[in-house]
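To start, the structure itself, in structure tokens.
For reference, chains read A, B and C in written order, and residue numbers begin at 1 within each chain.
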Amino acid sequence: MTVSKAFWKIALKNIGTIITYTVILIMFGTMNISSGSTTTSYEAKKPSIVIFNHDEKVGVTKNFIEYLEKNAKIKDGYEDDDRLKDALFYDDVMLVIEIPENFHQDIALGKNPEIKTRSSAGYAAELAKVVVNRYLTVAQAYAAINLSEEDLASKIDGALETSTKVDVNSEVDTSKYSKPTRYFSFANYTILACVITIICLIMSSFNRLEIRKRNLVSRIELKKMNLILLRNCCIYALAAWVFYVLLGFIVLGFDTIWNLHGLLYAANALVFTACATTIAYLISRIVFNSGAINGIMNVVALGSSFLCGAFVPAEYLPESVLAIAHIMPSYYYIDANNKIMEMQNTSFETVWPILLNMIIVFCFCVLFVIVANIISKKKQKIA
Amino acid sequence: MKEMKNVIEVKHLTKSYKSNKAVDDLSFEVKEGEILGLLGPNGSGKTTTMNCILALLKFDDGKIKIFGEEMSPDAYETKAKIGVVFQEVAVFDELTVYGNIDYFCGLYIEDKATRAQYVEDALKLVGLEDNKSQYPKQLSGGLLRRLNIACGIAHKPKLIFLDEPTVAVDPQSRNNILEGIKKLRDDGATIVYTTHYMEEVEILCDRVIILDHGKIIASGTNDELKALAKIEEKVTIEVADLTPNQLSGFEKIKNVSEVEYDSGVLKVVYNKGKNNLSDMIEYLKTNKIAYNKIFAERPTLNDVFLELTGKELRD
Amino acid sequence: MFWHNYKYAFRTLIRNKALVFWTLVFPFILAILFNMAFARLHDYDVFEAFNVAVVDDQAYKDDKVFSEAFKTLSEGDDRLFNTQYVDKEKAEELLGNEEIEGYVYIADGEPRVKIKANGSNQTVLTTATEQISQSTKMVKDIATTEIIRQAGQEVDVEAIYQNAVKIVSEAEPNVKDESRVMNMIVIEFYTLIAMACMQGAMLSSDMMNRCLPNISNRGKRVAVAPTRKSVMVTSYLLAGYTMLFLSVILLIVFMRFVLGVEFGANLGLIIALAATGSLTATMMGMFLSIILKTNDAAKNVIILIVTMVGCLFAGMFGGMKNFFDEALPFVNKISPVGQITDGFYALFYYEDMARFMVNVASLLAIAAVFFVLSIRSLRRTRYDSI
């Protein structure tokens, strides 16, 4: 059992790598990023607005501020302009509006006073602008017919009350599963990183051993050694899968995920972990230099994570990138996660597309193994 | 014979790692033009001594002079005259054989024309002329060792330290290396040669210092040292059968100091004299003892070491 | 001697595949990946019309104001919607198959929207529908007010209505947008440059390994050579620094001219920042190389981890910089990655130089700290053990 022992010794030596990627997973895969970040869902949220009011808080001005308070989150404490600039840049504040002096009188007189704004660049900022413009448009329209300030305010309120009833068709709140989906999609990176690094490092050190021992050790023993290696690789990958699924269940909360959705996430991750193992196997057949492994792993893991939507949701990726992504198993894994999120009931129609994605990922596994074996056969002939 | 100058003088050198004394009150000198062998088992303090002399290591006590000057880390003039070949191969994988030698030589020799000539000389000395545009990764272990040596001695130093340059080297490269070292001495360099291979010391060194546990346990020329072994000759005879009487008879033969018989092999040790074998054969004939093979050997430095420490040089 | 050493050090560096990968190739690959992944994320100018449906029943046809207004939004090049006019069953079917984002129908005289789940397009559809109903309501309201005012006189209802439509359609907010054109995504690229700088610590770490006898065998060889240690160390570090600086400049040029990433206009200051960041990284690499008594590969992994944590705090992978700045403000103040990123940000976003100067000063201060911490070990000429 010296082969097994050596295997786990090397794995243990690289525990630092595993811990690092796990911490990254917990940080990115579970943290709810409150700032208007690039990757959170774009649901209608109240935009954050900073108001600088140079007018008295009376009449229409008061009405305007109250309207904003209802329709947006008003933020304070941005007297320091640099702080405000940073907040705008990072989309923590979407809109800054300055209400000029005498605003309430001027608007009533139909003067249409100028409002200065500064906005961040983002969807939420556009939403905030819509909110502000809506009020100002209504106010200006009513101001055209010479109303008293009180009448003006109440008319504006009346017009703004207009709302459209929205019927939402879905029975399941998909946002319930947006966090688990985020976690498991991010795990694409973590699983690839941990499985490829460790397995490739181990395989490369055994490969060197194998070459050295080829003359000393009989063919059968070599085969046996390879078999033990393979078995240990699978045990390691399986352990990684159990670890990340359990970790996911713990950080996401058992009650949200201890159901069919959770089972599907776990099954999907299992198929993908198997695929990562075959990718590692393939790489270890091509690359023998242990120094290159870290680099190749990063290119494979980061590349597929970026292009397949593990970091930036696939719906925000350009068409051309998604077209490329179709040739990678990560795409089908992440797509399956999204489908699980959207799954509303358990019928063949809803589960089948998810299973189909898993089958595609499994086909990738077979493909990688075949390619790996062809390559190693060719290499043996040369040697 | 003219009086040789001392190139290195070491006086009362003491160095300990925590509680472990690696070098214990060591004093010796190296004379100009000689090859001094520092012989001892692994961990006997050879490399530590060398590193202290080179001012790489701090030491607790003692004085070291090289070329009459006190050695210190910024004794650059002295350093310029020294070449060192360390035990571990220390070359750049990214540079060719030529590039490596040129780089290290360039730390000593600024003039480009001179350096080019020196690098060629070094390549010739270690026999790497045909490999000069290869990279270290393409070299076999033996050739790599030769490159390591070339890097250390290309600047034609007057004093050369070689720390186990032949460890794990094939016989052909070893011979090449040993020949090269002799040639360096013939060209006028003084050499300190560290090893635990006694055969090399016997072939190569003019004078030998044997170290154990950081102490000098013996020093002198090969012959002087062998005299210490109190052995002149060892004779081994394969004898199938021997009575106790016959055995005690061996001890009475002239010059015999020790007799040992074990499972058909008889070992007889003489402490002095030459041509002892004839007496032995005479005894075997008269007592009608059937014997199979006889061979006689001269004592080795291992015997000296065994005599002085009670253990083998190579464990 | 200095230039002999420098020349060879540089030659070995550009031939070292691992170092070239981490300091040059890897940031390039990441830059390309960033560019691909973030390309669409902040393109709000190119709004794409999306598919919706309208239930084209009698109620819809009757509500002339609404149907006319909705039609306007579905026509022309700058239209919001690609509208299909269908019956209710078909609309449901389209929604179920996700062929449309939602559909509009009139019920009880009011337009209503049906969607499958919330999303940005759904919000646009809802808001537009709401705006139309609101305008309709306002026209009625204004006209009614006017008619009541003119009570007792001869009322030209048609004219009043037309005037009301004119008022409502011409009402436009007087908003002066003073925001700067900006794109948060540039931060990703700035952190990437900072990352490339810090990965460069591997170069100086490798350089130090070469000249310290207690770290490498080559170091022993250098230590017994008759060259001053200060000369060796500076020429080695300068070689590493040159390589790093060139790679960073190359990366910036690539980002600016191939990927079109925006930087501030001041080219000289951008180069100065790259030079300062490279210097800090070089000093950090020297320091880490001296204090970490492990092999090259392990040192590189540690540098990689330090860099990546710095990148995380500085806003790589999802713009969390401001979040961390509010939560743990000191981290980015002492992290070279944070300061380099902030420096590029300041050059791009701030008009005055004060913030940029603080960034450069902090980077120099961090470099100085690493240098001072290293010097003690560097000045040592004999070692306790090697």
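Throughout what follows, a residue touches a chain if its C-beta (ideal position, glycine included) is under 8 Å from a C-beta of that chain, and two chains touch if they have at least 3 such contacts.
Quantities reported herein were computed from a predicted structural model and do not represent experimental measurements.
Novice: On the document's contact criterion, could you list the chains that touch chain A and likewise touch chain C?
Specialist: Looking at chain C and chain A together, no chain touches each of them.
Novice: By raw count of C-beta pairs in contact, what's the busiest chain pair here?
Specialist: Per chain pair, the contact count peaks at A-C.
Novice: What chain lies farthest away from chain A once each centre is taken as the mean of the Cα atoms?
Specialist: Computed centres place B farthest from chain A.
Novice: Could you give the separation in Å between the centres of chain A and chain C, each centre being the mean of its C-alpha atoms?
Specialist: 15
Novice: Taking each chain's centre as the mean of its CA atoms, how far is chain B from chain C in angstrom?
Specialist: Inter-chain centre distance comes to 65 Å.
Novice: How many Å are there between the centre of chain A and the centre of chain B, using C-alpha atoms for each centre?
Specialist: Whole-Å distance between the two chain centres: 66.
Novice: Taking the complex as given, what residues does chain B use to touch chain C?
Specialist: Residues 17, 51, 54-58, 73-74, 76-80, 82, 84, 86, 88-92, 94-95, 99, 103-104, 106-108, 110, 151-152 of chain B touch chain C in their complex.
Novice: Considering the complex alone, what residue numbers of chain C touch chain A?
Specialist: Counting only chain C, the residues touching chain A are 17-18, 21-22, 25-26, 29-30, 33-34, 36-42, 44, 95-96, 110-120, 122-123, 126-127, 129-131, 133-134, 137-138, 141-142, 145-146, 167-168, 171-185, 187, 297, 301, 304-305, 308, 312, 315, 317-323, 325, 345, 349-350, 355.
Novice: How about chain C: which of its residues touch chain B in the complex?
Specialist: It comes out as residues 1, 4-5, 8, 11-13, 15-16, 213, 216-218, 220-229, 381-386.
Novice: Enumerate the contact residues on chain A facing chain C in the complex.
Specialist: Residue positions touching the partner: 16-17, 20, 24, 27-28, 33-35, 37-39, 42-44, 82, 85-92, 112-123, 126-127, 129-130, 132-134, 136-138, 140-142, 144-145, 147, 155, 158-160, 162-170, 174, 291-292, 294-295, 298-299, 302-303, 306-307, 311-312, 316-318, 321, 342.
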